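Labels run A, B and C following the written order; every chain starts at residue 1.
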Amino acid sequence: MHEPVRFGQQTATKPILPVTAERLFVRRKGRVLLDVEALTIGGRGTTVLVGPNGAGKSLLLNVMAGLRAPDSGRVLWNAEPPNRQRYGRFGMVLQRPVLLRRSVRANVEYALRAVGTSAGQARAEADRALEGAGLLALANASARVLSGGEMQRLALTRALATGPDLLFLDEPTSSLDPASMQTIEAMVKSASEDGMRIVLIAHDLAQARRLGDEIIFMHRGKIVEHAPTDRFFGAPASPEAKDFIAGKILI
Amino acid sequence: MQDFAASFFEAFRLVAGLDSGLIEIVWLSLKVSITAVFIATVIGLPLGAFLAVTRFPGRSIVIVTVTALMGLPPVVVGLVVYLLLSNAGALGPLQLLYTPTAMIIAQTILVVPIIAALARQTLEDLNGEYRDQLMLFGLGSLARLRTLLWEGRYSLMTALLAGFGRAVAEVGAVIIVGGNINHVTRVMTTAIALETSKGNLALALGLGLILLIIAFAVNALVFLLRAAAERSAYA
Amino acid sequence: MLKTARNWFCVPLACLFAAGTAMAGDFILLQSTTSTQNSGLYEHLLPAFEEKTGIQVRVVAVGTGQAIKNAGNCDGDLLLVHARAAEEAFVAEGGGKERRDVMYNDFVLVGPSADPAGIGGGADAGTALEKIAASRSAFVSRGDDSGTHKKELSLWSGIGIDPVQYSGGWYRETGSGMGATLNAAVGMDAYVLTDRATWISFGNRAGHEILFEGDPSLFNQYGVVTIDPDHCPNVRQAEAKRFVDWLLGPEGQAAIAGFRLGGQQLFYPNAGDGDS
């Protein structure tokens, strides 16, 4: 296994933290998809979002990333509206990451070039990042023919390469074999230890325990619990969280 | 049936003899149609891209119109361009009627909707897939569009080839605005029409075969270029 | 001046491509009927003139009606067609300046060699058409306002038949050029009126042959009409006049007479016989 390394050079942009959400509300066809009173992502560590399918985890993360506008309420990045061009130190791996129709290396170079890295430096940094993720041997392969695990690793590598202060990960290990999952978790842990603030959606409670400093439990668009990992698993406050931890299906 | 055999023979005879008249006609066909596709790309690609990524009132109407214009009858385009370029028309002073430039204009009009409509569809689908990811890279809208164009290059190339196919096979417009003048505006399709009207059906069909071969060659060339580009990209 | 205008529209690539033709020297644009082009007459005539004068003659071959319209739009420097009445009307209306006879040949009635209507050997063209109408035999008409079409309609009206009422039945209007109409007639086993030159040079005769010919009413006069510069200021008057002088002079007339296809003469020069 490859030892994850610290990624990338940081471009000089404004600090993004804290990221706050106020009275977010999203409704579609009469159904409430998101109803979040307040949430602040600041400090250090890794926050893990859990909850049944369709709870609104991805939607919350997308709204906080500035990809979707809420029907009402607002998201602030360091007290300003989300603006990816002004806050360069932000990264996200989507639930279904899109890899460009280019080589593996070119995918990483692209992200680096997008934040202003020079061409020559981008190449060197991309190779360094790929090496850390165990993907260097595949650098010249087409990104679109990788295996599922390799694709997820590449998407994560690409997001890490620019050295973000804040990283959103939407189910980065879903449908991966145990070895691939371990690789990715190691990369996440290492980044977190290096001081990167991480918000991760986990489809698997064991992963939430392994990676999370705190847990946010969502159900039907609402944040039902927000607690340190030990307390969430040891003494869940709400009946929904209890049922969820016990493996009962929630609707 | 005998006509088919005879036309193969005619085609072979023309090609084997490197008939200078034929070379001139083939060359003009390629010049006119490739230039038309080039100009139509310069116009149609930005138009298609604009329609793909923007939302404005009346957008659906514009899209339906552009898509419907793919079916523009060449004769109508020929007539309109004739009326404009005629000495009795608004652009008469340019003296462009019965020149290859007039044929390029007519074919450009025929090809722009094809490129715009196909590019719009390609880029809109691609944008649906890529939008969030490209936003996350922190790119402005122009840089995102540039990436979409590059990511969709093979589909877009097919759109250009569709436009080229339409242009090079079209006769109704170029015969009106070009006049099928020997050594000046005679292209493959108008030569075929002329030979048909002379009752030289085998020769006409032979020319048709050659036109088919040219279209095949152009497509094969693009296919090979694409394969080479992919090889070098992932070497 | 003209050249700058011509290049005005170019983008770099188009300029590159268009240059070859835009650079060509003096030329005139001849709006012509199709029979003279399809028979190969121009390929026989024009090189001699171009050689002598350096003036290129660019031929746009369309039906007589269309040719006159194009010339009326000032999209030609000269007109060579075969419908005397229409040519004279064009001059009278101010589009044309002067009309001169150039040459003649004749129209012929062509049909399936079995000749189902029995028009062969009849008294005159009117009788032949009467037989076709009476037997409801298929007849294909140009239907395109060309010289041949005008001639055909005048023959029908001479025998008091309006064939257009049978259009879609035994009378079929193609609305196309002579060649396309001949192809249709051959395909439908139909009778058709054509000028002799186009028929002789036509390559797809199949089982068709000339069934009636020689009636004076089938006379086919070709005329040349110069364009009035008052109507069309851009017309290349001097060059057009040189071509007319050459065509109607001894050299041009001899060249017309010398044009043979399969040993047959297709056009008979008669310049100066009946000018108006």
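The working rule: a residue touches a chain if its C-beta (ideal position, glycine included) is under 8 Å from a C-beta of that chain, and two chains touch if they have at least 3 such contacts.
Quantities reported herein were computed from a predicted structural model and do not represent experimental measurements.
No other pair of chains has as many C-beta pairs in contact as B-C.
Taking the mean of all protein C-alpha atoms as the reference point, the chain centroid lying nearest to it belongs to B. Averaged C-alpha coordinates put the centre of chain A at 46 Å from the centre of chain B.
In whole angstrom, the spacing between the mean C-alpha positions of chain A and chain C is 78. Separating the centre of chain B from that of chain C, both taken as means of CA atoms, is a distance of 33 Å.
Interface residues of chain B facing chain A in the complex, by the touch rule stated above, are 129-130, 132-133, 135-140, 143, 147, 151, 233-235. Touching chain B in their complex are the following residues of chain A: 62, 65-67, 84-85, 88, 90-92, 94, 97-98, 100-103, 106, 110-111, 114-115, 140-142, 159.
Only residues 31-32, 35, 38-39, 42, 86-89, 92-101, 104-105, 179-182, 184, 194, 196-201, 203 of chain B touch chain C when the two sit together in their complex. Within the complex formed with chain B, the residues of chain C that make contact are 2, 5-6, 8-11, 13-14, 17-18, 21-22, 24, 29, 34, 37-38, 42-43, 58-61, 70, 72-75, 177-180, 182-183, 201-205, 232, 234.
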